[in-house]
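I am attaching a structure below and will ask some questions about it afterwards.
Chain lettering (A, B, C and D) follows the sequence in which the chains are written, and residue indices restart at 1 in each chain.
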Amino acid sequence: MTTPAGDRTVSLREVGPARRGTREDEVVVAVSPAFAGHFTKTIVDVPHAEVLRQLLAGIEEQGVTARVIRVRDTADLAAIAHLGAKLSGSGIAVGVLSRGTTMLHQKDLPRLSNLELFPQSPLLDAEVFRKIGSNAAQYAKGESPEPVPTRNDQMARPRWQAKAALLHLKEFECIEADRGPVEVEPAFELSPA
Amino acid sequence: MTQSTPTTPLGPSDYPLSVNRPELLRTPTGKPLSDLTMDAVVSGELTGDDLRIAPETLQLQAQLADASDRPQLASNFRRAAEMTAIPDAEVLEMYNALRPRASSKEQLLAIAERLEGHYGAAESGVVVREAAEVYERRNLLARPEQD
Amino acid sequence: MTSTQPEAFRRRSSRRTEILEDRPVNLDGFVEEWPEKGLVAMESEFDPRPSVRVEDGRIVELDGKGRGAFDFMDTFIANHAIDVETTEASMAIPSDEIARMLIDPNVSRRDVLAVSRGLTPAKILDVVKLMNVVEIMQGMQKMRARRTPANQGHSTSARDNPIQVAVDAAEGALRGFAELETTLGVLRYAPLVAIALQIGAQVGRGGVLTQCALEEATELELGMRGITAYAETISIYGTESVFVDGDDTPWSKAFLASAYASRGIKMRFTSGTGSEVQMGNAEGKSMLYLEIRCILMAKGAGVQGLQNGSISCIGVPGAMPGGIRAVAAENLVASMVDLECASGNDQSFSHSAMRRTARAMPQLLPGTDFVCSGYSGVPNLDNMFAGSNFDTDDYDDWNTIQRDMQVDGGLRHVREDEILEARDKAARALQALFAHLDLPAVTDDEVEAATYANSSNDYPLRDVLADLKGAQSVMDRGLTGLDLVKGLEATGFHDVAENLLTVLRQRVSGDLLQTSAILTPDFVPLSAINDANDYAGPGTGYRLQGERWEQLKKLRHVTSATNPETEVG
Amino acid sequence: MRLVVGVDVGNTTTEACLARVGPEGAVAYLGTALMRTTGVKGTPENADGAVAAVRAVLARVGPVTDQLHAVLLNEATPVISGLAMETITETIITESTMIGHNPATPGGVGLGVGVTVPIGELLGDRRGVEGSLIVVVPHGWDFDDVAATLNAAVRDGVDVVAAVLAGDDAVLVTNRLEKPIPVVDEVAAVEKVPMGMLAAVEVAAPGRTIRTLSNSYGLATVFALDPAQTRQVSPVARALTGNRSAVVIRTPTGDVTDRLIPAGVLELRGAGRTLRVEVDAGADEIMATVSRVAPLDDVHGEPGTHVGGMLAQVRDTMTDVTGQPASEIAIHDVLAVDTIVPAEVRGGLAGEVAQEHAVALAAMVSTDRSRMQAVADLVADRLGTSAGVGGVEGAMAVRGALTTPGVDRPVAVIDLGGGSTDAALLTASGETTAVHVAGAGELVTKLIDSELALDNREVAESVKRHPLGKVESFFHLRHEDGTVEFVDEPLPPHVFARVVVMTPEGLVPVPTRHSLDAVRRVRREAKRRVFCVNAVRALRQVAPQGNLRALDFVVLLGGSALDFEIPDMIADALAPHGIVCGTGNIHGSEGPRNAVASGLVDAYAEESA
């Protein structure tokens, strides 16, 4: 790779309770309790710093602003994404779990529904996260993006199914019941190559 | 119905009925098994109703299940015999009503009453009544809209 | 992948390690146990201790819980699955004694059932926990409901091409599957593909039963119309919260079971170890304990059988220590409570061919009602159930293992000329039937391609729009199995028409509703009633011998003893 | 009193009309039925559908099969149509001259002129880096790193004037630059951009288009061109018109051409002569040539071209149907339509798309060797009644059309079908003439499919049949007429923010980035170019001396007469000729259906009276 840089890390600094946004041109990225905290990478070792950077880049490239919130009282992806959507000025949110599973949600949809769902966490890489961010922003602008193509791999089951279950359980351990969502500021740091 | 009822309960040696006791079998339209021929199909004499199971036949299969020490299977066949009278769409409707948080207790009891009263489906009614009671205890009845 | 370690500190690997590292088995995932959360196969100190208490003819305590604390699974099992009359006596028998009964040839299947119908989930777990894999197999050999083992196949197409589904069903039926199952990529294709499956199956071998896995309403409708013959994808779960997440309860599923029977349609439930922990709500119980709750729930609902063996969650127990032993045990439990058991081996399980084979031994060697509840009768790339543990590439291996071990896994080697004949005939029958019913045409090129094809890539592309319209018209015009019979008869496929009519006629008798029922090539219903498992030790029960053994001795290449310069077959 | 059934075997549907005919020829219509046609129209396979239709109509009015006197079939001419589309222009870029594509989100604003240099050269000691630079960034560079590298270079005095990126990073990079420059991104084949060449990058503000590079003199200024060179680059400027961003690189022999592809030759024979026309001459020229040889005897296409293949296939199909040798099958009509197809530019570096011109062609064969008598014999046999061929389709259709309230002779009908558009005229004196012309509903679907680049006939068909809407939120949608509809239940997620087709089964999303208005324009234009053009063409062929003013009443029949806008569009097209045009309403109750079947009954009644 020609990129001269080394690996990036991210820390999420809490800046106060998450509030409903007022800008119509914003997308909320809602992360799960253990994202970029207890965990640092997805099930296939994509660093959370990269997940977040690409999601935010996809949104920014479309000229839309983004806010990041951490949901603390549930590890249910639909609940996280839906809460994000309700706090989003545009009504659009990206929800993401530590293991990488991602969902696009809109505030008027029933919680159990979604705009786009990416259930196969082992198949999500930086490029896909960029496209997900980009689509979220396009929905926020009222455009009609092509849904991000989802991939499928029959052999993902033997390789990843149990680890996914384990990560899911670990994420549940990090739930802090009765603590509301909090707005966070991502601070990316470049570790020396 | 013209179905002849055997005087003594059936036992394992009567199975399969289609081979050993065809004389006991009738379609819901009253035809014997031997009428279900290719000629009858081609001439248009047979309709879809001729290829359904009759409630009496399900009762016979229930006897066989009982005689094979399968009381739960037998009960299922008896409930099925009751349900042959319920139209397809209503069967699916009732099934959907039994899903968690889909119905209030009153709605479930109304279904039970319809089963018992309208269809004479006493055993099926019992299942729905039991569901109503358990759903109430386990908080699985329909709730007012919430987020 | 993630070589974050600086080069200098990386340890040098041996050549052998590199070779082992590259073995397919190392592409599989393995995780450590976490019993507190239920990430454990079957040995967990967090599982309940067995107990039962009956008052006034009602179970008031189950596995350490009083009735007031019952969740709906406890309630359903206590009310419907456990025999109140005998439970206290059965529960008083020490677990090791029951475990020994399971493997003791002097104790009949009936004697075991007399005890097992009074056992609670925790007690059953306690019993099977005492058994190693060989003992589990011994138990399965005796407790399987039907004496004669059988197998089930999948016939699907990555393009939902009905012609492919038909010809692969015909080949599968000819090779020996007693049941064939299909499902769709594009759901609206269902009517055409279900018809194709039915026609192909009846061409290959009259009396094969078919089903199309769909959401409940459409699956039931296709069954009621006589286009399919049985149903299987009725899922149940071992904890209340996961059951509710699946939008069902034991009562809704029990109601559905009666609904199927009321239409004369054979049906079984589906469950399996690992599904609850996979969905994050195992309530701290082992996978096998929760699966035993499913099995007893199915028993209580009065459904005749169960598809289990982890099924679509096989990657979870597969990654745990002793996980495949637990999967073998869940099949045994289904059989020991007198349910038909379609025993899994139906989902992509491992990158390693050795693991795939080993995983199937506890079902193949003792025999089950259906050794695979979906051996892929198409190449796995066409398998719309996300791939099976075995596919068409494995046919010859499977046949050879049957011959090596002298066990009946339900399949046989068939000469290519017979296979080509069946495939050609299935394609032509479908061509004639579609033309007769004014459904989208099947061209001669397609028939030709279908006869010699392996995967969906070998077929001409179909006009999907026309097919979908045709599929819709099947529903709109209310076509039934009877219309298929008429069409086949009118177009000169008399034998296929007769086969299908005979299958439809079975619905009137209800004989296929009994436990473990299949149809023999002579259209005789074979179930746990007239083909009850009578295993009583060496020399008894089902033995692979006589004509069937002669069939299974045949392989693609066997050198002739009379003239070693030639092959027999 | 006699019971008779008129049966019309059409291309897709078979219609039946049951009537009681009195001794004086009085007709009482008892009912109608509609079934799918079995087999190709005009072949013995039609018998199944005909019998089914007769049974259906009888079943509808009670058990009277035994009293059925006669079944009357139309003389149905087998009509087979074929469709082909030929791209006739192609935009080609040679030697990496231009990247004129329109990425959704370029970065920065303005014009930068400099020499191309790979970003790698800005790292390290930057030896050999001088002058104004356009930095080219290959795949694999992270946007943060690109921005950091450019900022560092600029801080050290390097004159970076613009950048060209492989990835979709332009906004990200410009947002991080200390000195703003125009940036074009999503250049897929960025490695083909020549280095060390003078180039220009221009980006316009959102909602604007570029001004300098789309202007020949702008290019001349930027690259210091002489008049001869300026003339050469004018196609480049033209190709960039309307873009929000562009890159032009000056290479020694680079060029952009708009090439005409030889699409084959049509040989038209008729009126005693044979004329040849190049398909790439366009639809107007083809149709003008067709009219010069009218009435057309036959058409051939140059072998080895799409046109040749299509015409041969039409002929083969007819051979299969009728058993007539291919040499005896003649193509009696063609319809050519100009269309536009989005196609990737050849030699492009960024998957640039140009709107290439194409010609769509429908051809039609009809034969007089009908086998309706065989169908009649089969029907008679199966129903145990008499059956005969009761009259020619066109003649029967006008008869049926006359039962529409408010219609009188002379009357013309236009039957808007799937493969062909048919017209027939009944004069005041009772003479009829009929004609089939190529091109109908299927061609409309094809035009919609290709112009919107849907590549999905099902969606195209749906776009053709139903009005459009745009889902603006989960609780409201805007119809194509601008009205807004609110709903109580949230709309399903798969239609959110999409242009949708309002089908009776619900909203179906159209997979396109085009706006609702663009989709609507394509749909209406396709219908106009096929049905309006064909209505006029067909009527001219049946009108006395080809004079449309001689027609008073025109009745529209057939499936497309039920379309929500085609009848109005045709009426508008005919209005200048003083024609009353509307959708038929057979017997005042059947709508545009059943005209031929009831015409058969009427003809029978008239004869027997």
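Going forward, a contact is a pair of C-beta atoms (placed from the backbone, for glycine too) under 8 Å apart; a residue touches a chain by one contact, two chains touch by 3 or more.
Since this is a predicted model, take the numbers as computed values, not measurements.
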Point to revise | Other chains in touch with both subunit A and subunit B | key: C
**Study point:** Most centrally placed chain, judged by C-alpha centres
**Key:** C
Exercise for review: Work out the mean Cα position per chain and let me know which chain is farthest from subunit B.
Suggested key: D
Review point. A-C or B-C: which has the larger count of contacting C-beta pairs?
Key: B-C
**Study point:** Rounded Å distance between subunit B and subunit D, as computed from the means of their C-alpha atoms
**Key:** 54
Review point. Hey, how far is the Cα centre of subunit A from the one of subunit C, in Å?
Key: 38
Review point. Distance-wise, how many Å sit between the C-alpha centres of subunit B and subunit C, to the nearest whole number?
Key: 25
Revision key, fill the gap. Chain-centre distance (mean CA atoms) for subunit A and subunit D, in whole Å, is 42
Revision key, fill the gap. Touching two or more other chains in subunit D are residues none
Point to revise | subunit C, residues touching no fewer than two other chains | key: none
Practice item. Could you list which residues of subunit B touch at least two other chains? Key: none
**Study point:** Category of the chain touch graph - line, ring, star, complete, other
**Key:** other
Revision key, fill the gap. Listing every touching pair of chains gives A-C, A-D, B-C, C-D
Exercise for review: Enumerate the contact residues on subunit A facing subunit D in the complex.
Suggested key: 1-5, 53, 57, 60-63, 106, 108-110, 113-115, 130, 134, 139, 142-144, 146
Check your understanding: Taking the complex as given, what residues does subunit D use to touch subunit C?
Key -> 36, 38, 49, 457-458, 461
Point to revise | subunit B-facing residues of subunit C, complex | key: 71-72, 75-76, 79-81, 110, 113, 216-217, 220-221, 224-226, 240, 243-244, 247-249, 251-252, 254-264, 299-304, 338, 480-482, 485-486, 489-490, 494, 497-498, 501, 504-511, 513-515, 524-525, 527-530, 532
**Study point:** Interfacial residue positions of subunit C with respect to subunit D in the complex
**Key:** 438, 464-465, 468, 473
Check your understanding: Which positions of subunit A touch subunit C when the two form their complex?
Key -> 7, 45, 75, 152, 154-155, 157-166, 168-169, 172
